[in-house]
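Here it is, the structure, as structure tokens.
Labels run A, B, C, D, E and F following the written order; every chain starts at residue 1.
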Amino acid sequence: MIFSIVVHASPASSQAAATALRFAAAVLRGGHGIERLFFLADGVGNACSLTVTARDETDLQERWRELIREHGIKAGVCVSSAIRRGVVDAQQAQRHELAGASLHPEFAIAGLGELLEACARSDRVVSFG
Amino acid sequence: MKRSKKLLFVARSAPYGSARARTLLDVVLAAAVFEQDAAMLFLGDGVYQLSNHQDGSAVSAKTLGKSLAALPLYGIGKLFAEAAALPERGLELGELALPVEPLCNRQIRELFERADVVFNL
Amino acid sequence: MSCLHLLSKSPASGLLELASKALVPGDALLLLEDGVYFQSQPQQLAALPAGVTIHFLEQDLLARGLHGALPENAGRIDYDGLVELCIRHDKTTSWF
Amino acid sequence: MSCLHLLSKSPASGLLELASKALVPGDALLLLEDGVYFQSQPQQLAALPAGVTIHFLEQDLLARGLHGALPENAGRIDYDGLVELCIRHDKTTSWF
Amino acid sequence: MKRSKKLLFVARSAPYGSARARTLLDVVLAAAVFEQDAAMLFLGDGVYQLSNHQDGSAVSAKTLGKSLAALPLYGIGKLFAEAAALPERGLELGELALPVEPLCNRQIRELFERADVVFNL
Amino acid sequence: MIFSIVVHASPASSQAAATALRFAAAVLRGGHGIERLFFLADGVGNACSLTVTARDETDLQERWRELIREHGIKAGVCVSSAIRRGVVDAQQAQRHELAGASLHPEFAIAGLGELLEACARSDRVVSFG
């Protein structure tokens, strides 16, 4: 079965990001596919490359990257949510004359059309926030 | 993009205090642009989004009710509201920012049953 | 020592019930942001102890299209009035 | 078509009352994150329509020290069970 | 740093689901380090923070109850809980992660009245 | 009278950041002083230098900077809240080998001790979240 997973919450403020990650791992463990991860609203914090995690805490950003890399999953970050929250890729940083990029390269800036396309292509869409 | 799925957007947050209403509306508008089969239900505090005479400029925000009023123009014609939530919140059906069909609890359950994908914010 | 309580969520949040446990006569309750929706659902406000003054932030009422009458004993203030309220009470606390 | 409802806030949030408007017999309710606190305040669950199955996410119960009995008719599942629940129902929606 | 002010920290959020409980605790611990006159009240859902047998590792988090139990060692001895909230949430006074004094509603109001600064999260 | 203002919310997700800014302006307009602005939890987003605001929306980050600059106000950003959310100054970026800084220089990384000191020195502490 094909899933898409939508994440609305930042790992720093809500457990929902960790829940979504565990759910994604269970989907793959069960032999199912993930059409797309989509990060919306405060969920864009999961894709930020400038976070620092205390040594005795779980680095959720890093765990997302591992999951995406190992399984070749598409991970989209809503463009309008992201730019308002300072999560930008190199191209946007240049266009808007910002000091640098803050989106980790495992993630890609995406429009909401890609979320809707993921819905059309998935058997189940599950949101966490 | 395939268009076979029925999308249901459940707006259940009051506007302005948080960005939830605006975020959901952005997704609804995208669904309209991509010609998806989309319905929108205002539930609980979400009916406050329908309040007339909103003026976002008083809090340096865009007026949500005005953006919602454009939905029919975008082809989103299936607009529903929880009937009971309106009078509970001092709203009257004839005085809303956009025309919606009031649904009783049975009709709300039917709307959920018919949907293929439910966004809920 | 009296306290100004700022409450910024809608009646559905249940926060007023929680704040009520701390409200004493002489305190003030400021409803702001989504807290101004208490204008349209004033029932819970009627249960507050006597001697608590109630204030709605004007700009938040306007944004939300809440032009109806305020509950009895409640007033509307702007940001300058909010600063004055902070000064008139010994401390503030925020329920959000 | 049946729906799996994910609810992740505590009973005080009032979200269950809202979700109840959409729950139909055949649907499932998954309580996760702070939603597992319904274990200690199960009164609202008793009011759900018959034919709605109730599930608690095991890891969230453990984290919060909720070792007591679950309400009658409710079960506990892990993440693999959650994936199974998603498959068993035609769609999901999340109340947060 | 001056120490004349009475700080009251009102913990009113359930732990783990959001970072609120942890954020407030960080401020309380800082108040202890800077030897401020601090009291802490667990109110409403906040009493869930006192639940015994918590195990944050089940959700890859630090166990909040364990951190709270260190408060008396840090010199934060004024620990209170809303008496009514405990049985409402299935908690018993004798079985909590740290010893707290239960307060009735009148005592809660007195605690607020005595405070100079109230943090509430 | 001397105020300190604590901000818990990000401008992208909550009205509270805008409310806090208007309140701060009203405090100054009333002839009162601001001992310190303190940004905590998601409030650190107010100090992020990488955000982009749509042309028809208010750039709250920029308005905070103007207020801080014009009135010479101390603006502290809680260090532990900030690093978890990817708001870091140049020194932290270097130490943790991050791609760049994202804290606007009008703000300073601060410990919670500075929040408590601000409380001790202020007649009123007002929180927005």
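The definition used in the following text is that a residue touches a chain if its C-beta (ideal position, glycine included) is under 8 Å from a C-beta of that chain, and two chains touch if they have at least 3 such contacts.
None of the values given here were measured: they were computed from a predicted structure.
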Check every other chain and keep only those touching both chain A and chain D; list them. B, E
Chains adjacent to chain E and to chain F under the stated definition are A, C
Most remote chain, CA-based centroid, reference being chain D: F
Same residues or different residues: which describes how chain A and chain F meet, taking over half shared numbers as same? same
Which chains, taken as a pair, are joined by the highest number of C-beta contacts? A-F
For chain A and chain F, let me know how many angstrom lie between their CA-based centres, rounded off. 26
Find the geometric centre of each of chain B and chain D from their Cα atoms only, then give the gap between the two centres in Å, rounded to an integer. 25
By the touch rule stated above, which residues of chain E touch at least two different other chains? 16-19, 44, 59, 61, 117, 119-120
Where chain C touches two or more other chains at once, the residues are 8, 12, 33-34, 59, 91-94
Residues of chain A that contact two or more other chains, please. 8, 12-13, 15, 41, 80-81, 125, 127, 129
Pairwise, which chains touch? A-B, A-D, A-E, A-F, B-C, B-D, B-F, C-D, C-E, C-F, D-E, E-F
Per the touch rule, the chain A residues reaching chain F in their complex are 10-13, 41-42, 45, 48-54, 80-81, 83-88, 92-93, 96, 98-102
Sort out for me which residues of chain F touch chain C in the complex. 1, 3, 8-9, 15-16, 19, 22-23, 25-27, 29-30, 32, 124-129
Where on chain A does chain B make contact in their complex? 8, 40-41, 80-81, 111-113, 115-117, 119-121, 125, 127, 129
Quick check: in the complex, which residue numbers of chain C touch chain D? 12-14
In the complex, the residues of chain F that touch chain B are 12-15, 18, 56-58
